[in-house]
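These notes open a run of structures that come right after.
Okay, so chain A shows up in both of these, paired with chain B first and chain C after.
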Partner chain A sequence: MKQYAYYPGCSLESLATSYNLSTLEVAQKLGVDLKEIKDWNCCGATAYFPVDELLAHTLVARNLALAEKDGLSDFVAPCSACYKNAYFTNSYLKKDADLAEHINYALEADGLHVNGTMKIRHLIEVFIEDVGLDEIEKKITHPLKGLRVAPYYGCQLLRPRKDHENVENPQFFENLLSALGAESLDYPSKTRCCGGSLIVTNRKAALDMVQILLQDAVNRKADVIATTCPMCNVNLEVYQNQVNREFGTQYSIPVMYFTQLMGVALGIKPGKLGIGKELVSGEPVLAFAY
Partner chain B sequence: MSEKIGVYVCHCGTNIAGTVDVKGVAEWAAEHLKHRGVVIGREYKFMCSSLGQELVEKDIKELGLTRVIVAACSPHLHEKTFRTACKNAGLNPYLCEMVSIREQVSWVHTDKVAATEKSKAAISGGVERVIHNEPLEPIQVPIHADTLVVGGGIAGIQAALEIADAGYHVCLVEREPSIGGHMAQFDKTFPTLDCAACILTPKMVEIGSHPNITLLTWSEVEKVDGYVGNFKATIRKKASYVNTDTCTGCGICWEKCPKKVVDDVYEAGLGIRKAIYRPFAQAVPKYPVMDVENCTYFKNGKCKACQLFCPTEPNSINFEQKDEILEIQAGNIILATGYDLFDAKRIPQYGYGKLPNVFTSLEFERMCNAAGPTEGRVVLRDMKTAPKSVVIVHCVGSRDENYNKYCSSICCMQSLKFAHLVMERTGAEVYNCYIDIRTPSKDYEEFYKRVLEEGGHFIRGKVAEVTDSARLPEEEGKLIVQVEDTLIGKQRRIPVDMVILSAGIEPRHDAKEVGKLFGIACGASGWYTEKHPKLDPVATMTEGIYIAGCVQGPKDIPASVAQGAAAAARVLGKIQQGVIALEPIKASINETQCSGCRICNGLCPFNAIAFIEDDKVSSINPALCQGCGTCVAACPAGAISGTGFSDQQIIAQIDGLLLKNLEEPVAA
Partner chain C sequence: MDTELSFNDEIANVMYATHGNPIKDCLQCGTCSGTCPAVEFMDHTPRVIIGLIRAGYKDEVLASNTFWSCASCYHCSVRCPAGIDIADMMYALKRYSMWKGQHQEGLIGPVFSESFVKMIVNSGRSFEPLLAPTYIFKNGPQGLVQEAQTATGLMLKGRMPLLPKKIKGLKKFQNMVRRIIPIGEPS
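Presenting the complex of A and B:
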């Protein structure tokens, strides 16, 4: 069976452990064989590229080289930022011979070499494209009937622009949620930015951005916001209190990883999916499935 | 060497001489190509001038030239000039060749030495080629005096009337039940604000009653055979289930018809019609047609209300009517099939189809029209509330890398017109969100100023999205338009009641297939390609096929009318000639070598190649062939050759280009 080079990324070892747990559980249930890349390093996130592009590419390329060394052809990242970085570095390696030479010169110190031949995808793409919605639907034991979900793509998931997808109005997340039995909402800000790391450098500006996302979800009477990225998840969930203080609002809306919702629908015990660790309780969401 | 070749090199002012050592090139040709038959090499400031032409004519007469090479601009521009000069001096015009050292050398290079060398090589190639040219005679074909006009919008109407008024017969074919096109849907026309129907319907009536016009509505051209002067078109006249010999157009049938249908065509989805219908009151012809897909009788065999109530004797409703296939002859064809509106649903962030109070431009036109579904009242989708504030979004689907890159050219003025009408009829606040305002025609800028003075707001910025998701209390229940005002450098959210999307215009969805039917090509954006964008905008690369109106590119009513009239003038000119001389540059098939694979049949852009079943070989109609050479290159058996571009000529030209002729004799 096909094996995927799994690149969890730093967040999934710290803030987003529940994303990692639910990813591994759901993948196992769907027969997706994720093999974690040995000795992987940070991808540089959004911070490193503006500082030094060549070094940032090299950082990402090391992970690609490790995966290539394992003889695998598919690279999977659950974090949108990791996915975006891997995708771009991988495609630049193919396009820019000069860059590839510089990177490989650096990687030589580690006894590595990168070709840029991997197929880079986000986890959600692998589930939808390789497993397929029909197959997922067949395995659903606890459909999320009546659960109103705001599908939040965020910005980075759609940035490696793919021809078949309308980046202004993508539909694949909605389709996945519908396969889980949930009611997928027309969420106006689904592709807006959550502020990313701006929350650290310019708190007020980032809170403005988060507030828009929360208000749009509330306007659509969402029971939960589903995310595909640990950064989005943190901004939307952790900062709800600060938004409330800043804007005099009373948001209290659960924010969950799409893998957690998949896991619930697939009948995996909530504890195994990391549910219970969130700051805004996901308890009400479970009520739709059980 | 028996040929006597003259080589003439043009300076074209500094166009060529600025980059090429013209004098050096001419001297080089006279000296180094002498052994190939070049007897004279001259340079001149402007070869295309009368004096330049006279140089050639004089040399033909005095030196007895048998071949002529003019190294100057592209043959597209002056080939005819120099061939005519040769003819005047008694030399067969096809023994003259042009070598393009302007478009292919001086305009694309900066290195003078290299450009000069390249010019020499190009001339050497031309010399080798012209040695193999054969004297040719143009083909003469008579021209049928009838004209086929396809499309009954304003461009087609104008063309048909011009030709009919000049005394020649026209067959006007229209796909819809009535002529009138998009213009018939409009209320007012910019910039004068005169009523569209008032200026259009007199022309429509004239078409309906003109003795020289055969009007075929509810009809489509299915096949076109033949060639310039002698086209044969097969037309399907769809069954209307109404006998037009007896029908009086009284309207009782559609009054009594119980089946209501949303009218997606004429009313742009905003109004309803019946299953048997006449699209609008002033329709020409006045007879209704039956929409079989929605008719209750055709669906379940019961109803026939229309027939029951038809007051004519004999009854005009005939459920047994069948499609008719007509064949008509025509010497020339004018295509004026118009445009489609850009489908605003393709830009989901603008909310059309999802948010009820987002309207398209065509919907708004119908709303403004006194004969439309709201009788001219500007209202929200509930059909009663007048809006207090309106945003008009410009450039929807136009000037947009994601959709159409071109400017649709009509939307600025159309939006300004909408702004005026909204203010006039509702007093609402109107915001125009634009990228640039483009008002380049007569009295257009003045109209823009008028709308500004009337109090229209203008925001320079492309609208990002239209949403109903409110963030502030004053946005509740409104449509919120998010736009960057680039003049003040701020993001704005404008809460309004109504949004009008000024959608761009696109080639007809079936333009490509229709083009293939008539043997003409579409450009990158899908509009039909004119013979020359500036100097021959209504002719096409296919002789006898003309285009007019939006089929050629986005344009407004005045421009469409001008093109309709221009196409008519071109056709009238051809009819007056009586016969037409066709270029003898043609491909022909050597039947003994043809394997009958039919590869060439589908490749021919002019439908000139037919397969002869009996002989199992393909055959080229010389009157249709435009000498493009596609089939010659494609034939796997090498069975097709072209006069004027035979393998021998091409190979000799390549040898010449490579200057193989300088040392050794070229393979004869």
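Presenting the complex of A and C:
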């Protein structure tokens, strides 16, 4: 069984515990061995780059160095922002010798060294590419028949451009949802930003951006919005009541991690997937599987 | 020092690891502004900001809220026909304005970035609720009530840790940080 260096990121320990739970359950079911990186630090999301670019890269590089030390080849992040950070710091390490030298000078004080040799993956890629949709389909016991899902990619999973060929209209998320037996909707806002990084600093702009995504899902008669990132998820779910207050709307649409939907379809008990921790209940979703 | 750097060059210099094209290649086509999901909250559109930088309107640029309203979604960057990483330029402008201590009054962005960095330096991990008081105050009492309701909801669902976690190798971690920025002795 292939072992992966797993980088949960801070949100998975607090606001997004359900993402962590469902990730670990589903990974186990599919034979993906996630080995958590020891003593990892916060990668800084979008908050360091405004302050110091070298520091931002170094904080990311420390986690890469820890993972390299374990001798593993793939670094896996379930958070799209962590994934994007790791992906780019890793690629700059290879391309920019000067930057690599500065980073390694700092890492030396922590007894570490980074080479930038890992393959950086988002969790959803590991399931789709390494396990494969056929394999997943074979293990489905509770197909999500008739469940209308809006697949929300968000931004950092796709942008800036990484290995994905299609940044404007990707299809891999839809394909995964179909494999689960769900009805994957044509969701025009699927790659539109939710304003996650603005929720603290520019609340009004962020709520406006969330509202557009929620309305679009309602227009498509979605039963649930599926996400691949803790920040997108929190933004769309936790702030729904604030959107309602701001716009006089009555949105009440469940938002779930793709791993939770996978878990349900794979027959894992909802409680083990963290279902029940939502502020907008995910209960209606379960009715499609049971 | 012989010649003083133009504002254009200064901005280019703070985009340290960007491998996108320099802003002098901008065609002023407006694709970035048309793409931007946050444009209606900006004083100047991304296209105009680039025009202003190139024309050397430094004070005008630093006084605008444009880069602080950028959500870092990189949609402009992947669409720019001239291959400019506009999102990264917005980060560069944030850094530049923080270094110069010159930014629009009442913005939360600069305060937030600084407290976030402090938190990480002190614990190695991030912890949203710790930051809450700093920014809730800026959002006014209405923000406080809303935030409290959200927080209570999350607490009841077991989604909020009460204390920030610290990484084990914190001392060495801080030594690493010290090689990049001055942070004083650990608190």
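Keep this in mind: the second predicted complex is superposed on the first by the 286 of 290 C-alpha atoms of A that agree within 3 Å, B and C clash if a C-alpha of one lies under 4 Å from a C-alpha of the other, contacts with A are read in each partner's own complex, and residues count from 1 in each chain.
Note that in this section a residue touches a chain if its C-beta (ideal position, glycine included) is under 8 Å from a C-beta of that chain, and two chains touch if they have at least 3 such contacts.
Please read all numbers here as calculations on a predicted model, not as lab measurements.
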After the superposition on A, what does A:Gly196 contact: first (chain B), second (chain C), both or neither? second
Using the superposition on chain A described above, determine whether A:Ser14 touches chain B (first), chain C (second), both, or neither. second
May I ask you to decide whether A:Lys204 touches chain B, chain C, both, or neither, giving the answer as first, second, both or neither? second
Going by the contact rule set out at the top, does A:Asp186 touch chain B (first), chain C (second), both, or neither? first
As a test of reading the superposition: which chain, chain B or chain C, is in touch with more residues of chain A? C
Just to be sure I read the superposition right, which of the two partners does A:Tyr105 touch: chain B = first, chain C = second, or both, or neither? second
Give one of first, second, both or neither to describe whether A:Arg121 is in contact with chain B, with chain C, with both, or with none. neither
Which partner does A:His57 reach: the first (chain B), the second (chain C), both, or neither? second
Who does A:Asp216 touch here: chain B (first), chain C (second), both, or neither? first
After superposition on chain A, the chain A residues reached by both chain B and chain C are 168, 212
For a test of understanding, state which residues of chain C touch chain A in their complex under the given definition. 14, 16-17, 19, 37-38, 40-41, 68-69, 71-75, 77-78, 85, 87, 91, 94-95, 98, 107-110, 112-114, 116-117, 120, 124-128, 131, 135, 139, 143, 146, 149-150, 153-154, 157-161, 165, 167-169, 172-173, 175-181
Within the complex, chain C is touched by chain A residues 10, 13-17, 39-42, 44-55, 57-59, 62, 92, 95-96, 99, 105-112, 155-156, 159-161, 167-168, 191-193, 195-198, 200-206, 208-209, 212, 238-239, 241-242, 245, 276-279
Touching chain B in the complex: which residues of chain A? 166, 168-169, 186, 188-189, 211-212, 215-216, 219-220
Residues of chain B touching chain A in their complex? 347-349, 354, 402, 465, 467-471
